[in-house]
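The two complexes that follow have chain A in common; it is paired with chain B in the first and with chain C in the second.
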Partner chain A sequence: MSALRRFARAYPTLLRIGLAEAVAYRAEFLVWMLATTMPLVMLAVMSAMTREGPVGRFDHKAFVAYYLVTLIVRQMTGAWVAFEMVREIKEGTLALRLLRPIHPLVTYSAESLAALPLRAIVSIPVAVVILLTAAGSEISRDWFNIVGFFVSLAGAWLLNFAVSSIVGTLGLFIESSMQVWELWFGCFMLLSGYLIPLELLPHWLSQVARYSPFAYLQALPVETLTGIRDRHQVLMGLAAQLGWVLTAWVTLIVLWKRGLKRFAAYGG
Partner chain B sequence: MRYLRLFVVQLRASVQVTMQYRAEFFVGVFMALFYVAWNLIPMFVLWGQRTTIAGWTLEEAALVTAWFTLLRALLDGAVQPSLQAVVEHIRKGTLDFVLLKPADAQFLVSTAKFEVMNFFDASAAVALVLWALHRLHRVPSPAQIGAALLLTVAAAALLYALAILVISAAFYVVRLDNLIYLFNSVFDAGRWPASVFRGTWRIIFTFVVPLALMTTYPALALLGRLETSTTAIALGGALAFVIVARAVWKRSIGHYRSASS
Partner chain C sequence: MTAQIQVEKLVKEYRVHERGAGAWASLRSLFKRQYRAARAVDELSFSIAAGERVGFLGPNGAGKTTTLKVLSGLLHPTAGTVRVDGFDPRKRDFDFLRRITLVMGQKQQLLWDLPPVDTFAMNRAIYDIPRREFDETVAELTTLLDLGPLIKRPTRQLSLGERMKCELVAALLHRPKVLFLDEPTIGLDVSMQLTMRAFIRDYNERFGATVLLTSHYMDDVAALCPRVVVIDKGRLIYDGDLAALVRKVRPQKRVVVRLSDGKTETHDVPDGELQSCIAKLLQRGVVDLTVEDPPLEDVMRDLFLGNHAA
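Up next is the complex of A and B:
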């Protein structure tokens, strides 16, 4: 049986297992999700500013839409596989995964994807709040943008997962790979539009952001759904995102192949 | 006295561990300073749009951020690493070895590990305070400096008490890394002056997680805008938090059941 067919047959089961695990640890899971408070804090700060008038193109309503969509995008695309991988490498339990007749990256991705239904439980009420309040008028009515939003959401997940796995895989080469993650996350906060819309950053910094992968993790989906981008810009953004996704996945696969040779299952 | 000596021993061990990896040490120092600078960018961006936000000018808000940086350094450097170790002990059941030692368990676990690197973040915070005061052309009176220092001690005690409360939860729920993560992400709101927050947020940040007390009050004290009675209430509140935390720790440790044995 070819690897691909085996993959297609096993994946639904892996997803089911992953979902069951997420449900089993639902209290822990809820805490993880509640920890995404940053967009709400930034919304409070921005609201204090808009009391005296709009900031750039953003008035209060626009900020509400921007940060709530940011919250949803973060919930639906976040990946924390790096923590899991580094721990398994350190404790040697990665060996158990390697014994299974299916690629470890596939099982990791299934575990990560399976958590999405639970995450949607948080995202959907937020989405309803947006649509029912004044902020709803800020959401794009163009079908092209709405379809583009969902495509970019998938792209953002693929990119996030690949980067997180790359950091995890680096655990096979260096001891302090979690510091790499912190560095990545630090840059992500500012350059992805997660804290502040990219438009409001100084010109040179927003330019740096747009050429970096970070803008395609948050800013692209958020700007697409809130109609900041027109059709042409959405298309260009999706193309750039695809480029980064491919780059990240090729890097991941090469690194994984090389790193695995160094794995020695200490304590496994 | 005995505890002071123990403290010095534990601290020296941590310094030695850090200095062992010299290359990593210098990379760490560089990264620490880079993070401090990087984290200032949002503040400069926002105050680039307005001269005052919620009644605070850039320099005044910088004081709040400075206290936030200082407490963050304390949290990352002194509080978090030790407490993370406790969680690990509880999960593996090795807390037995700590409990068997002839010293107070809370003291031992609280001083088990220091990240010496965060000393550099703290220095950067002090530099930020000096910069802000210089820009404001302000020399605080000794009484104001005294009040700010007192409040800083109170803030540190509060931070420690909150962390102990979080850790005490580890005796009931096993997976705790995420509680620490939640605590961190809530604490991040402390970088902004408290008057930015309204309604529910304000209530949460004043009474539940008293961020306002930790970062905004010391800045206000240095600016001479904090009333003496508020200072007194803040200090009393901090003390109450510490006492409650100690009581909860005592109770929780009774629930420890040495998971692995």
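Up next is the complex of A and C:
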């Protein structure tokens, strides 16, 4: 049987087990979800600024739509596999995954995806709030943008997962790979549109952001659903996102293959 | 007999970072780190035929676990060749991983917050075990290990012994042909150790599986392994029959006598002098007398201290 067919047969069970684990850790999950409310804080700050008049193209309603969609995108595309991978490399328990006849990245991905239904518990009510309030008028009615939003959401997850896995894999080369994560996360906050819409950044910084992978983790899906991007810009954005996804996955696979030769499987 | 496990001149070195104590050493290592190659396995060669049960012995740090990890494909050899059931382990082929299992007494694959049945279901999917075969194997193994309803309780609520039994079930669901067992009875009480030994022997006999076992409990080795491979500092120092090793390192019998005055005496007697020794002891009002091989722990200690060339 081909590897792909085996993967397709095993994946539903891996997702089911992953969901059961996520439910078992529901308390940690709740804490994590409460920790990802930065967009709401930024919404309060930016809303206060709009009392004097719109900031760029953003009035109060536009900010509400922007930051609530940002919250949904973060909830549905975040991947924190680096923490688990680095811990398993240090403790040597990665060995247990390597002993199984399935690529460890497949099992990590299932665990990450399996948590999505729980994250939806936060995302769906937020989406309902947007639609039922005045901010609903800021959501694009163009089917192209709506389809583009869901495609970019999948792309953002693939990119997030690959980058998080790259940082985790760096644990096979260096002892403090989580410092790389800190650096990445700092840049993400500034350049992804997570804290401030990219077009409100200084022009040069906004241009840097649009050429970096960060813009395709948050700004692309958010700007697509809120109609900031027209069809052409959505298409170009999706093409650039695909390029970053492929780059990240090729890097991940090369690093993984090289890193595995260095795995020392300490402990026990 | 063709070898199922073939190890030839295996060398495994680790790159170890070294620095002295103190702030100066810390600062210096920031700019210039010093590494050295620590050789854990040193030109080790042996082979094991299909269906054999072999004890893999050595003091702490001898290279036993490193060798098992190379054999199971977790570590890449620095030099030398390794073949297991015709496969090169480091390639980690699906068919290779489907044929082996590595049970580590100090690490567990069971999902901590879920019942063992969930780990079993996950392994069924990963190893692509047909449903009927899976149900039969789970029923059979849980009956043999007397697990019953325990497999439906969260793993964290099970005792160490119960968890270890569930670990064995999870590791054997795909009916591997080669079992690498690294301290499988560590921390278990005597009764649980007996259960595990009986189970491992039974699995070996029923499925013709090859067993390579490391354990610091010499009773495990004595009960399970007619042959032992002994290594020290990564090098082979003995490969052969366990009884022959005992005779060679400690060519004495241990005679334990309980005398009528309540005292107990122990005498280590060379084989040739056993008869005369017992005759003398019997003249002293013996209540009980036993003759046994010296404890395996003593044999190993002598071997590692270099008291006897093996």
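The definition used in the following text is that the second predicted complex is superposed on the first by the 267 of 268 C-alpha atoms of A that agree within 3 Å, B and C clash if a C-alpha of one lies under 4 Å from a C-alpha of the other, contacts with A are read in each partner's own complex, and residues count from 1 in each chain.
Everything that follows uses one rule, which is that a residue touches a chain if its C-beta (ideal position, glycine included) is under 8 Å from a C-beta of that chain, and two chains touch if they have at least 3 such contacts.
Keep in mind that this is a model prediction, so the values were computed, not measured.
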Partner chain in contact with A:P202 - chain B first, chain C second, else both or neither: first
First, second, both or neither for A:R9, with chain B first and chain C second: second
Touching partner for A:A127 - first (chain B), second (chain C), both, neither: neither
A:I253 touches, of chain B and chain C: first, second, both or neither? neither
Which superposed partner A:Y25 touches (first chain B, second chain C, both, neither): both
Which superposed partner A:Q179 touches (first chain B, second chain C, both, neither): first
Contacts of A:L238 with chain B and chain C, given as first, second, both or neither: neither
Touching partner for A:R100 - first (chain B), second (chain C), both, neither: second
Intersection of the chain A residues that touch chain B with those that touch chain C: 25
Residues of chain C that touch chain A when the two form their complex: 14, 65, 69, 72-76, 92, 94, 97-98, 100-102, 104-109, 111, 113-114, 118, 121-128, 154, 182-183
Touching residues (chain side chain A, partner chain B) in the complex: 25, 27-28, 31-32, 34-38, 41, 44-45, 47-49, 52, 55-56, 83, 176, 179, 183, 186, 190, 195-196, 200-202, 205
Chain B - residues contacting chain A, complex: 24, 31, 35, 38, 41-42, 45-46, 48-50, 53-54, 173, 175, 177-179, 181-182, 184-186, 188-189, 192, 195-198, 201
Complex contact set, residues of chain A against chain C: 1, 3, 6, 9-10, 12-14, 16-17, 20-21, 24-25, 92-93, 95-96, 98-102, 107, 260-261, 263-265, 267-268
